[in-house]
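Quick one: the structure is below, questions incoming.
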Amino acid sequence: MKKMIALSLTAVLLAAAMTGCGGSGGSSNTKTTEAAATEAATEAAAAGGNYVFLDETLGVESYAIGFRVGDEELAQTVSGAVQALVLNGTYDAIGEKYPDIKDYLCLNAEDIDESTLPEEGSGDSSYTFKHGFDLDYPPYSYLKDDGSVGGFDVELCQAVCEYLGWGYEAVPFNWDAKDMELNAGSCDCIWSGFTKEGREDDYTWGITYSNNTQGILVAADSGITSLADLEGKIVGVQTATSAYDMLEDSQADLAATFSELKVYETYTIAYNDLKAGAIDAIAIDMTAGSFLIASDGN
Amino acid sequence: MILQMKNIQKSFGELEVLKDISLEVDSGEVVSIIGPSGSGKSTLLRCATFLERVNAGEIRYMDKAAVTTNAQGEAVYVGHKELADVKRYFGLVFQQFNLFPHYSVLKNIMDAPIHVQKRNKDEVHEEAMALLKKMDLEQRANAYPCQLSGGQQQRVAIARALALKPSILFFDEPTSALDPELTGEVLKVIRQLAEEKMTMVVVTHEMPFARAVSNRVIFMDKGVIVEQGDPEEVFGNPTQERTKQFLRHYQR
Amino acid sequence: MSFSTMLAAMGEGMLRTCAIFFLTLLFSLPLGMVVMFLRRSKIRVVREVTKIYIAIMRGTPLMLQLLMWYFSPYYLFGLSIRGYRFPAIIIGFAMNYAAYFAEIFRGGIEAIPQGQYEAAEVLGYSKTQTFFKIILPQVIKTILPSVTNEVITLVKDTSLAFTLAYNEMFSLAKQIAASQTSFVPFVVAGVFYFVANYVVAFVMERIEKALDYYR
């Protein structure tokens, strides 16, 4: 009899877990700069959840393209092509499709010196550029509802290849194994909302095409309003992310005041834990955080 | 009267295996049951030892009722406790021996007397050794069943059944699983028990043995007792055509 | 980060891994026995429901089950799940492995010849005595190799606890590897799993040898 109860419970739970974890995909609209994320969060809060970013942030980071150390020429060609796409409007056009990040795009046509850029179609047409990225890092790179890969970085990289006349090959990998993938040559670059700060010497860096801010996401009614309020609280973070690196490194003193830093495999689980009240805050980049809140609102 | 079975009926689904069979066994009697396969002789033994439930009929051991038939003609078994008491009266030796492979020869024999009958361990040990000596196996007391030949295993199985001191011992084709050269040693033991006036019912295909050892032979076919009586009469001068036909098969 | 610091950091994770491992075995083996009995129940409903339970436990990813056990009290009943993380992991693992063990036990029991039950019945053993004295010891011998397989799988499956942000050894290895841009933690993790499974295989082999006295 006991087993029957356990079983019916199991069936219900399965359904609950499925719906609870929710899907990705759609998103809300965002405005300008860092404050935009907070605004988006507030909007999402009205729709469903009630979560906001603290005004204080953990710091800013640059997203750039990482190449193997020594691949200077490749880094230069790809960076040049990205700039050419800024000039011909493709960069902004792709950005329009991703409202959560378009305000963090930092390249402007006025700053670009046209004379140094590679010509359209100047690449070796027999060459295939292998794009390494994390399959689960929306909105930069992720698996779409229809099963194909998508995201700002994926589309931009595809546009670069098209511009140069190269073939494009998607190499989605486990984020933990990114260095092994790159060094083993299974991909030519790491281009997936990849943070430059703290890794300056580990890669040959291509152009920085986006800036992002690491923030703290809390429940609006939690009473937490500043970083200092996090003392004695449980804070969640995803493993191998910039937020995690900051809390281990430049913000280690802050992390030391938490009662616990919970490290998750994915932010989805951390966000569910936050909703369930099992943790008090999440350290996350504001783009991804806004995306979480927005998806949940839907 | 040690065993009384009256008007036993047993079916497996549509198939009627025992049709109104009655069997009585007196103290000291050795009864052989012969017949073609599928005649119901093994089922009769399994019903007598409660491994199968009868559909109707009566079974009594030492005048204690174990199975009766109610007004609707259905078999009624006595309660769990009373049945356990009745079970003490008989032992059964299987065609496949069914020794416990993880127990030594000695433990196979001693375990039930100690843990089921709750008897004194030293006493049981003494009796077990005496039984093994009788089976000519005292050297193998600490061996495991897998180290013994089939004939040796069957003798251990007989000792195991005897250790519980049954009033009647059933044998279900005790030599059918053995190589021909090993049947002799088992039959010798059964013959020896017959000389000691052990009450036994033996289902067997060993016709010369049945003729030499039993007081009575029962020939079964298609769920009924076709003919029974003194072995010399049944074997030497059968009255029923079916019996003659069956025995002719064995004389060739 | 020096090698010794890394080992020290991972050492705590190893203890957590061991905790999951031993607690899972402690609960799932007896629970598997219970599930096996329910699976063989004479009551049809019990049997069918147990079959569905086993199908779900074996047919869905353990990772999903862990999420379910952890979050369901909150999503279904609005209960607080603070501090429930570790119990949820153990429940998830034990319920999952119990299903596998139940099927192994069932296979072992069904491999015992009917004659063993009949011999025990005729000798007057009670049902309980028959099971514990006659059947179970033989079942254990039969199922030992399959149980060894399952236990070795469990050693490796402990890394799934990271799904619920429980920092066992392998998740620490991943974190250190990512922050240090180093492959060494994975090598250490690999050695740990190998040694742990070597010990499991060694112990199980000794038990098998000890039961080798009969066939």
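Lettered A, B and C in written order, each chain numbered from 1.
FYI, a residue touches a chain if its C-beta (ideal position, glycine included) is under 8 Å from a C-beta of that chain, and two chains touch if they have at least 3 such contacts.
What you are looking at is a predicted structure, and each value in this text was computed from that prediction instead of being measured.
Engineer: Graph of touching chains, which shape: line, ring, star, complete, other?
Structural biologist: line
Engineer: When you average C-alpha coordinates per chain, which one falls nearest the overall C-alpha average? Tell me, please.
Structural biologist: If one averages C-alpha positions chain by chain, the most central is C.
Engineer: Which two chains have the most C-beta pairs in contact?
Structural biologist: By contact count, the leading interface is A-C.
Engineer: With centres defined as the mean C-alpha position, give me the chain A-chain B separation in Å.
Structural biologist: From the centre of chain A to the centre of chain B is 80 Å.
Engineer: Find the geometric centre of each of chain A and chain C from their Cα atoms only, then give the gap between the two centres in Å, rounded to an integer.
Structural biologist: 36
Engineer: Per the centroid of Cα atoms for each chain, what is the distance between chain B and chain C, given in Å?
Structural biologist: So the centre of chain B lies 46 Å away from the centre of chain C.
Engineer: Of all residues in chain A, which are in touch with two or more distinct other chains?
Structural biologist: In chain A, no residue touches at least two other chains, as defined above.
Engineer: Touching chain B in the complex: which residues of chain C?
Structural biologist: So the residues of chain C touching chain B come out as 113, 115-116, 118-119, 121-125, 129, 133-134, 137-138, 141, 213-215.
Engineer: Which residues of chain B touch chain C in their complex?
Structural biologist: 49-51, 84, 87-88, 90-92, 94, 96, 98-102, 111-112, 115-117, 144-146, 160-161, 164
Engineer: Could you list, by residue number, the parts of chain A that touch chain C in their complex?
Structural biologist: Listed in rising order, the residues of chain A that touch chain C are 3-4, 6-7, 9-14, 16-17, 20-21, 175-176, 179-180, 199, 202, 236, 239-240, 244-245, 248, 262-265, 269-270, 272-273, 275-278.
Engineer: Okay, in this complex, where on chain C does chain A touch?
Structural biologist: Residue positions touching the partner: 35, 38, 45-46, 49-50, 52-53, 56, 60, 64, 67-69, 71-72, 74-76, 80-82, 84-85, 95, 162-165, 167, 171, 174-175, 177-179, 181, 183.
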